[in-house]
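The structure follows.
Chain lettering (A, B, C and D) follows the sequence in which the chains are written, and residue indices restart at 1 in each chain.
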Amino acid sequence: MEGQTKPTRRSKVTSLQDAALLARGALEERPELCLGGLFKQSRPVALVRALLATGADGLHVYSSPGAGYDIDLMIASGAVEQVFIPGVTLENRLCPNFRRAVEAGQVTAHALDALTVVGGLMAAAHGVPFQPVDALRGSDVLKYNPLLREIDCPFSGRRIHAVGPIRPSVTFLHAQEADRWGNLRHLSTMVYADQLMARASDMVIASVDRIVPDEVVLDDPSRVTVPSHYVDAVVEVPYGAHPTASFPNYAMDEKHIDAYADLGDAARTGDRKGLDAYITRHVTGPKSQGDYIEAVGGARHFAWLEAEARNR
Amino acid sequence: MSAAVSPLEQMVVVLARDLADGELGAAGAAALVPMAAIALARELHAPNLTVGGEMFFNPEPGRLYPSMLDDRALGRCEAAETFIELFGHSHHGLDFFFHSGLQHDVYGNINLHHVGGTLHAPKMRGPGAANLSYCHTSTRFYICPTAHTARNFVEKVDFVTIPGHLSGPEAKRAAGLTNEGPRLVVTPRAVLDFDPTTLRMRLKSVHEGNTPEDVQRHTGFDLAISGDVPQTWPPTEEELRVLRQRIDTSGTLRA
Amino acid sequence: MEGQTKPTRRSKVTSLQDAALLARGALEERPELCLGGLFKQSRPVALVRALLATGADGLHVYSSPGAGYDIDLMIASGAVEQVFIPGVTLENRLCPNFRRAVEAGQVTAHALDALTVVGGLMAAAHGVPFQPVDALRGSDVLKYNPLLREIDCPFSGRRIHAVGPIRPSVTFLHAQEADRWGNLRHLSTMVYADQLMARASDMVIASVDRIVPDEVVLDDPSRVTVPSHYVDAVVEVPYGAHPTASFPNYAMDEKHIDAYADLGDAARTGDRKGLDAYITRHVTGPKSQGDYIEAVGGARHFAWLEAEARNR
Amino acid sequence: MSAAVSPLEQMVVVLARDLADGELGAAGAAALVPMAAIALARELHAPNLTVGGEMFFNPEPGRLYPSMLDDRALGRCEAAETFIELFGHSHHGLDFFFHSGLQHDVYGNINLHHVGGTLHAPKMRGPGAANLSYCHTSTRFYICPTAHTARNFVEKVDFVTIPGHLSGPEAKRAAGLTNEGPRLVVTPRAVLDFDPTTLRMRLKSVHEGNTPEDVQRHTGFDLAISGDVPQTWPPTEEELRVLRQRIDTSGTLRA
């Protein structure tokens, strides 16, 4: 029976480092990176750190409709050239490195809105050359938004807007579960724009809290939010969204983010030492997610974040 | 009620009273005060008010959270949608929405992009904003910043992120803003509305402990105060009891 | 405390008859009816029968992408003027009354395709004046499709297609569960175009296998397929999809549909007696769903269809 | 294998052999034979072939069903999508798809709308078709009707529901049909393909028990048979074993 081995189905499970190198390669071709999740929830932060550790730079970063800690950390690490994100904020305070870099002219932050980015992702996901948008009026954003165009509506005769496809080179997502084939299961109530981004992107890499047996997926296919068809690689990363939340598994680490923002604010007003030390300690220093977990507080700290996720 | 009414509690009560039964609306980005107002309205007089239009319907949080983008706040709700549905809601509009920004001007325009400089060379860069559509696709919106100073209430915003009444009725018409736009401005100090002729902001009432002169001093444009300005109707016993016992169980609005 | 009664939230649960009258009223204004489900699955047949029993006629019926038994029964009952459904078939055989009425020139069956109908529903759901479509070439359907238009794409410069909003006056859906507020839960693996139709329609009326307690919805909001915001009325109708399936609860009744089709074929070739008797027995005759259940075989028959749904 | 190979089994095996590992494809409306072919390919040589593009991915039915639009057939699968995603798949295309109709013509065009008369005054009205896009957005498609007669294989279809090669290379180019289009026609009698120069259908092989003359007699246009026509390679022992024991467990293809 030699040579007759039946071919087997390939697993998409890989390591954080290999996933980062895969992304890095694609982003060198075309630097358009898209980040899933929303503000302090389900952000693919471990993937972002691993990408930063490869020395990625010159990135054009998309997210919809808003981002905070991760885009700010990427800017702090010097990896970002342009930001295509409608809202950039830590919600309870501004993003210090975003603000500093834009004010210093080091990063271009485009004025956009959610309908433009979502519409562009819709056009790409649908495979059509543009998406009509007809709900934007009176804002100065319309004077600057680089992705939006005015068109004559062939149906209504009115002037409306349209946005062309946004097709990210790479999208990073964080989901709670996946099977080894890359079928993702978001168990949080909100799945943000993750499904849309996955369907719009050339490459999708996901971190998950855990890989589940095939049967878990097959027994409840309606729970699969992103079919493996759209997913190129999946990485099991415990607490891979930290310091953002991965509900229902663990809550956001607001204290960690606040402490980071304090360092960012210090850097903004002239003292970068603390910020540099933060980056060394959390981004470039850790050899593994295990090291990172220790660096941010270890098992006890995460047991607390897990308890907090259940405390609602 | 033993504890004094806090400014945020006063804001919540004013806003809640303006929401009607059967309406559909959402809280917007700075959700604490709006969500409390919506919850209070639903408890008191608007059980058929639907919280919707931001990808989730009728959340039942156990306490107030500063952000609604938190599964602890909305994990228990009646339905979750995606950004594809949000795209539709944004076009179809709501009955009401809430906004606040870095700067608010005399016409109710809101700036979240930059203070000083230009967009691409700003003196101070703000967060930007996700949703620019509800301000005009919705029937009306409320402006409810949790601070009221001469720095965030200015004659003219440096950048119109969220259009209010632009520079008045003509500009609004020219821009195709056909709905009501900002109806009320509710701050920790006062309630303001807009002169129906000029669409300029004016003082409607001052909260307990504030005088019209206080409010003018903390406002960067002329409120054209003439005659008596009433005091904002304080929370009733029942409003305060329901708010504290069933909505703000952790006392966040008094912190 | 008189006059101080706290207002209460209104239930959307109603009766089959009241639901039919509600639909009838809206359809008299604008006769555009849309039917959920797909072929022999999750079709809102009880609602269709109730509407037919009110004597509705002149209807323009949409469904996507295909329909069979229900549209054929509506045509047999003389209720339909125009059909906007890409595929009309019983799958294993043609729809006899559809075929007869179109061949006789009594009903106009438009040549359409799924992207046109789905695109039109998308435009309506999204609230935009049209949806670009760029995947249709070479088919004679393009010469006749009344909803599709050629436009010059402002982004690509190419000639592409576009479809304006399809906003049904009334959509009938069948789901497995709902709460009393009208939040629908499809428990079948496939939910067809039901979500899209609900978001595109002026009025939505749903039949469900059962009304569940509020907590069932609140404990798993991701399972809600159509939020109550879109739903105007919900009716608990045991076996309301019969003779189509309501998986996982009961399977399609293929024998019933085949026997019906035999009567339709007889009518097509000149003998309408059997078909008229069928309509009397199943549509105009039954005073309630209980009567209908007895007429088609009673509890024992449905126990068999329930067993068949589990037999996969 | 004891029982003789059925025509449908022969069709399944021919189609399965043409599907490659790693491809993405779907079965289309008449799913019995295509689904069996896809399943067989996945079992034998294409474990990374993905069934997708019709709102569900990689179903694992316990047996074959005549329709894939049946939760018994696809209730156990890897993912379910909605028509919104189908809209995207239809534009992005697949690697392969399957079609069959009321009439098929010498250029592989397929008619599902009417035979005789006109669209709005048809002699015989057919079912129409849902998906008109995969025939050209997909890399290729297969035509696999379960009957092969002089009535359903005609020189020219009365209505082009699904374009094949239209009237040949020039017409195809003019219509913007840039992909391969129909590659093989697999019927219960034979395998046919298309002359690469004229894009006219020609006989490639006949199944066991059929002669080229039989096939010509049951075909409504000239197959231009010249020289020897080989016999279709029958199922191997393994193909038949896997097909019968693991896919068509209820013997539907032999019924």
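The criterion applied here is as follows: contacts are C-beta pairs under 8 Å (C-beta built on N, C-alpha and C of every residue); 3 or more make two chains touch, one makes a residue touch a chain.
Owing to the predicted nature of the structure, the values given are computational and were not obtained by experimental measurement.
Enquirer: Between chain pairs A-D and C-D, which one is joined by a greater number of C-beta pairs in contact?
Expert: C-D
Enquirer: Round to the nearest whole Å and give the separation of the Cα centres of chain B and chain D.
Expert: 59
Enquirer: Quick one: chain A and chain D, Cα centre-to-centre, how many Å?
Expert: 41
Enquirer: With centres defined as the mean C-alpha position, give me the chain A-chain B separation in Å.
Expert: 29
Enquirer: Can you tell me which residues of chain D touch two or more of the remaining chains?
Expert: Residues 56, 75-77, 80, 84, 87, 90-91.
Enquirer: Provide the list of chain C residues touching at least two other chains, using ranges where the numbers run on.
Expert: Residue numbers touching two or more other chains: 127-128, 134-135, 189, 191, 221-222.
Enquirer: What chain pairs are in touch here?
Expert: A-B, A-C, A-D, B-C, C-D
Enquirer: Which bits of chain D are touching chain A when the two form their complex?
Expert: 21, 24, 44-48, 50, 52, 56-57, 60, 75-81, 84-85, 87-88, 90-92
Enquirer: Show me the residue ranges of chain C that touch chain D in the complex, using the header's touch definition.
Expert: By the definition above, chain C touches chain D via 38-41, 64-66, 85-89, 91-92, 94-95, 98-99, 102-103, 105, 108-109, 111-115, 118-119, 121-122, 134-141, 144, 188-193, 195-196, 245, 247-248, 251-252, 309, 311-312.
Enquirer: Could you pull out which chain C residues touch chain A in their complex?
Expert: Listed in rising order, the residues of chain C that touch chain A are 123, 127-135, 149, 151, 153-156, 158, 160, 162, 164, 189, 191, 221-223.
Enquirer: Going by the contact rule at the top, pick out the chain B residues touching chain A in the complex.
Expert: It is residues 29, 55-56, 61-62, 66-67, 69-77, 80, 82-84, 86-87, 90-91, 113, 117, 119-133, 135-137, 159-163, 166, 172, 175-177 of chain B that touch chain A.
Enquirer: If you look only at chain A, which of its residues touch chain D in the complex?
Expert: Contact set of chain A toward chain D: 6-10, 125-128, 179, 181, 183, 199, 217-219, 221-222, 224, 226-229.
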